[in-house]
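Okay, so chain A shows up in both of these, paired with chain B first and chain C after.
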Partner chain A sequence: MEASADHSGMPPRLALRHITKRYPGIVANDDVSLTVQPGEIHAVLGENGAGKSTLMKIIYGAVQADAGQIEWNGKPERIATPAAARHLGIGMVFQHFQLFETLSVVENIALALEGHFDLKTLAGRVAEVSRKYGLPLDPQRLVHSLSVGERQRVEIVRCLLQNPQLLILDEPTSVLTPQAVRALFDTLRQLAAEGVSILYISHKLHEIQELCDRATVMQAGKVTGEAEPRQETPASLARMMIGRDLPVCSTSAFAGESQPVLEVRGLSFANPDPFGTSLHDVNLTVHSGEVVGIAGISGNGQAELLAALSGEQISAPQAILLNGNPVGNLHAGRRRDKGLAFVPEERLGRGAVPAMTLAQNFMLTAHRNPDLRSFGLMSRTRARLHAAKCVERFDVRCNGALSAARSLSGGNLQKFIVGREIMQNPRVLIVAQPTWGVDVGAAAFLRQTLLDISRSGVAVLVVSEELEELFEICDRIAVLAGGRLSQPVPREQTDAENIGLLMGGQSQAA
Partner chain B sequence: MMQLLEPRAYPSVLLRWTAPLIAILLTLCSAALLFLALGKPPLQAFHVFFIEPLQTTNGWSELLLKASPLILIAQGLALGFRARIYNIGAEGQFLIGAICASGVAIYTDGLEGWWILPAMVIAGAIGGGMWGGLSAWLKTRFNAEETLTTLMLTYVASYLLSWLVSGPWRDPGGTNFPQSILFADPAMFTPLIDGLRVNGSIFITIVAVPLFWLFVTKSFLAYQLAVGGEAPAAARYAGFSAKYTVWVSLIVSGLTAGIAGAAEAAGPVGQLTLSLSPGYGYAAIIVAWVGRLHPVGMALSGLLLALIYLGGEAAQVSMQLPAAISWLFQGMLLFFLLGSDAFVDYRLKRRRKAAGAAAEAQA
Partner chain C sequence: MNSELIAILGATLAAAVPLIFAGLGELITEKSGVMNLGVEGMMLIGAVAGFAGGVHWGVGGGLLCGAVAGLLAALPFAFLTLSLGANQPAAGLALTIFGTGLSAFIGQYFVSQSMPGLQAWAVPGLAQIPVIGPVFFNQTYVVYLSYLTFAIVAWTLARTRVGLILRAVGESPDAAHAIGYPVISIRYAATLCGGALSGIAGAYLSTVYTPLWVQNMTAGRGWIAVALVVFAAWKPWRLMLGAYLFGGMTILQMYLQGKSLQLPAVLASIPHLQDAVDVLMHNVLGTSQFLASVPYLATIIVLVLISRDRRVLFLSFPASLGKPYIEGR
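Moving on, here comes the complex of A and B:
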């Protein structure tokens, strides 16, 4: 607030008036108005699908609004392309970085610049800017050797070199350790103090409370409220965002006998991809009735470990035991025969075939059921019945079992896939990023579902980037960083700080 | 292409099925221009091409005779196409099927028995299947693209045929023509009606269409193939073997082509000759796409392509048009179909609309 007060006499840096953007079948932005003052850190808060990203793309010139107008420093402007936005002084740091791994930091930055420059002077400017804003960065390093946090710094420095008056950050902390988040916040506060306006998109309430001066809350394409986050509570912000209270999960202790179900012993994997991660001597045991979480930032061996566990990548037989039997050399189908179920991170294209119906997608892993397949023939009627049962039991919102997988929202498709896997009565359920891109209500439902299934005696392994999620549902938490897995620690004996140190310390070394 | 086109959010199912009709219409329009350029009245040419062949019983017999192998081969090819395994060498598998069947006929010449003809068909099926299997082995063992190997093996097959008919299997009683002996009656499909060429082999196709329809809609194997084609990562996730998909696709498509080749040798041709195939193996690719890979759709498109063959022959005779005219029709049909398909999934980027909206925003 102090920063914006200094500029009270000036016109707003950015004013959106009655912006509307329609896509076929959906209104992404419905009469959205928003004002950002110079030097203000302004949050745009909303669930996935609330229309935040579309709005930002309109500001950045990547998408054109159907109606409404944009005022920049008090003057109406037409922002036709991202290049035009950059000329005005608008910079954007995307959630998914747009960097070339085989090029150096300064080469990557040079690609985004216009006009004449030589790499040597540019390297000097990069070093200067990164020092000034507390973003340590070596201009000559190749991007593939950088950690995720460092790559984000490259993106931010790239924007800062163009002296922006407005910086847009889309979910910037989803890939950062708690320590790196704090460093980022310091940088953003310094920028705001210099008069740069910041639009901060997030669904993490505590971050917004800590960082932002004002917040615009969006729901289903509309603005549902404006708030000063520091005057609000997380509960009141959540009510604005989802229209009701934040649901909480309920846990009970497992009553049955706890036995090791999934055991990983000295699993190593040398990745043939030079930019991939290799696994080094991974050891892990998951017992029946417990949820074990693997924290860490994607790219630290998560994809490789999951492929090795699911059987999409084969390893030594003794490296993975299922109910005490070696399964490391069995492919995914054979492991499913033995009671393993898996929900992958990519729902469309891996967990489900986009163009096929839910009934057909149900067969993907449920074809073992003799009710659905006999003598090499499938029963479409029964597949439809089973899929409809899954839709009902797991609250999948769709037009019935014959709707195409790609017509479902991320959260509903995830509920369908998790439901399908649970209906196979697995002994062990492995879930990757269970609530990635899922709205708050569906996320709570999914977390509760995972807890319930574990307490019914299933061993559950969750791999997630969301620390809060892991602390909410896991009994034990380990960290995967640089292809090495730390010893799992009971939830009560650790905290986000410690897990963050494990995530950061080793990922920097990778 | 990406600069001109952008993907449609919801490709229309109706449009997907009308795309072949649009392609046919465009082919006819282009053909009309072509006939005009050749100095032939288009309406008369269309009459010769599409109406005259169907005005006689013999015309219908020829239509079925030509449609039968096209439809049969397309059924096998479609199975692979759905799994994104592109066998474009059905022509070679067709020739190998004919060679294997002819081998049986030549070595059993003089013998009597009901089993000779079935043995020929089975030999053709095995030969064609193995020829397709060869590409499957190359793909699974060496990761060699099946589009290349199937096509190249077609040349191998045609040279093998040419060596056989001008060497070991040449008719000793012939006048040095590169062709085998004429097959004896037990090695031939008998005509269904005296004086016409349509023969019992069409029943193989008539049975195959519903069998393939059942297979595609009901079998778990066809489902696995479809998943492998639609989303390879989902197939891996489910534990379906990608190699298995390759083997099944190429062997089954080789097998149907091999049967068609055997039926051609044991039917209208009645011997092994250099000019055994009028390009059925290639035309069947068009049949498969125009028929939308649907077993019944392909039966219809097979009849259409057969009519184009017949019309081309009629146009040669009564209008002195070159033989290449049939190929031109086939080529245009495929070209326009692929073009129409592109517009089913994509649409032209409309720059003007975006600019208009921005101007409105400025106002």
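Moving on, here comes the complex of A and C:
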């Protein structure tokens, strides 16, 4: 609040002036200006694709701006490489952690530091810093054995050991439980109190309101506003971010008769990969007309459970029932024949073949539909017509059914894949991370679509890391942690706090 | 211990030297994430250059020439794969084919020449230790150089910042780039270092092991070196083990050639069994072709058996191996 006024006598820690960065076909940053004061926690708020990450990469020296100036403590600087940025005192915690899995924590940290190479002394310093800032870490552990939250701590400690004056955090909470988010915020406030400036990139409005002194809002590469988040409402911030009100989903009760459609009974899976997660006695029932959500941080068995449900990994016949029939031993194609539809997390490569057209991608799962055949053979014309129908019905923005899957944005491709599966009239629809990396408008559309399809009598199972999303659309929520699935709880009877505790691996909260 | 066994063990160490140099070179290269299948070609170029140098300046000069030639042979490979992002296995195969042809072309001037061999030099003090002394410390100085190279590579990889950076670049070039390391330059250095060591391996063959030039004289040792690195799970000490195993089998099969297998009396009393064994030995097991293949077979089988631990493989496998890296992508 007063933070910015306090430092009026000093030059800003960092000032960006008229930064522009063009990529073929798009302007990622268009005349962006921004200042951060010493000790200020400054938010950069914007949707996926608003240009936040590009801007941060420019500050960190990983990308060069086409035009504009960077001033560091009042002096113009050219930041040519990440190493130069680190020399100035700029540290970055990446959204996709830049760690080496087969190396130990202290080795990972040593790689980012200069000076005498002495792992023993460094391990001592790591322990000291992690104690001081409440970031518990064992310096000798190998990174691959750490949880996502612990890995983030490694990244933060690595930055802190370089005594940064500016710390950039790119979507740091997307992989954390609510409790871990609170601990992170405490650390960040402590750092800010010591005079470290923090650039906090996020699209989560409530976090920014809780943590940040000031916010720069970006939309489509441009700065659309500056605000003091605590003075704003989520609605007013959202308007700055997407230019209109945040869309909300509308739900209604399911009118039909609720029947169990997908039943999982005592599903276990011993993972042959020594670093993978095994599933332990998973039980779950999804009824027609409801949306069941599975919360949890990726790497807790999500991939294994989804593979077992989709049929990519087969199990005992009775472990999975579809409409009361055992399907556990059937492969993915046979399960699809019986009315199971699956939207995987990776859109390009698993959900769709990047180089193939939408029409061809449509055929990949829709070839069962007799409407797509003529004289018993696949008909390209009909596939094109159906794909075009899907494009229209699900508001997929593209150059028609013959555009390549890879040419679509994440949100539009996801709408197409979800639409394709819905058009197969499934009994069960399983969706992994439905709105990951999708802009707000498309995300709302997808959520509404999933709600609508469930109310038409389909059983919908959603696996997601986004708690808010699950609370918005799910009727019941379970948590997958360490390969064990908690008892699904009706949405009204739980809250983010309880789900967060379960995600952290604690037993069923009362 | 009898002198025959000591002689076999001593010869084993000498036979393993080319595999140690080439294998350690390829190990360094692969640890940085580059798969260079051109080891055989670089060895041959090193061998012919080493012989040419050795004729003029002796073994030391020959080894140096081999190292420089191997490094120069690796340079176009590095440029194609690292600067231009070409497919590494294909470029490596091309390097082997090129090296085979080039060495044969240059080598025709050296076909009938020979050079004096290198005398063993007993390390004072150490050579007097019973058994170990005559086996390990009564060798040519190149063998001592192979111990030293192993020690330096193993220590560097495990204990130093250079080794840590190399492992980091090989595991995740993206992360290494993000924290400010010049991935391409580091891979260049590792690839050229691998080329130089392969060149030394080849030069050792043509100046010390059999001091003359014969076309294709590496006889697939470059390929064995590549396989050794993989089956040794990128660990230097396992690579040494594999190299000595190969060396030992090479010497043993030479020793066995021309010997017949006498069955113990109990078995020999079974009618026709000795005849059957003789026929088998004479036509299959005892033929020089079969025996010559034994070192290759035995080395691969043993290394495959000891490298099945997925945990070990995960921790030592350079995850980016063979994948081109384009900076700022």
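Going forward, the second predicted complex is superposed on the first by the 494 of 510 C-alpha atoms of A that agree within 3 Å, B and C clash if a C-alpha of one lies under 4 Å from a C-alpha of the other, contacts with A are read in each partner's own complex, and residues count from 1 in each chain.
Criterion: a residue touches a chain if its C-beta (ideal position, glycine included) is under 8 Å from a C-beta of that chain, and two chains touch if they have at least 3 such contacts.
Please read these numbers as outputs of a predicted model, since none were measured by experiment.
Participant: I'd like to know which partner A:253 touches here: chain B for first, chain C for second, both or neither.
Facilitator: So A:253 meets neither chain B nor chain C here.
Participant: Is A:312 contacted by the first partner chain B, the second partner chain C, both or neither?
Facilitator: After superposition on chain A, A:312 lies in contact with chain B alone.
Participant: Specify the partner with more touching residues on chain A, choosing between chain B and chain C.
Facilitator: B
Participant: Check whether A:270 is in contact with chain B, with chain C, with both or with neither, and answer first, second, both or neither.
Facilitator: Touch status of A:270: no partner.
Participant: Answer with first, second, both or neither: which of chain B and chain C does A:82 touch in the superposed model?
Facilitator: second
Participant: Under the definition above, what is the set of chain A residues touching chain B in their complex?
Facilitator: Contact set of chain A toward chain B: 23-25, 64-70, 76-80, 310-312, 331-336, 342, 344, 346, 349-356, 360, 363-365, 367, 373, 376-378, 380.
Participant: Show me the residue ranges of chain A that touch chain C in the complex, using the header's touch definition.
Facilitator: 62-63, 81-83, 86, 94, 97-103, 107, 110-112, 117, 142, 144, 273-275
Participant: Under the stated contact criterion, what part of chain B meets chain A in this complex?
Facilitator: Residues 9-10, 217-221, 223, 226-227, 230-231, 233-234, 236-241, 354-355, 357-363 of chain B touch chain A in their complex.
Participant: Which residues, counting only chain C, touch chain A once they are in their complex?
Facilitator: Those in contact with chain A are residues 160-161, 164-165, 167-168, 171-172, 174-181, 310-311, 314-316, 319, 328.
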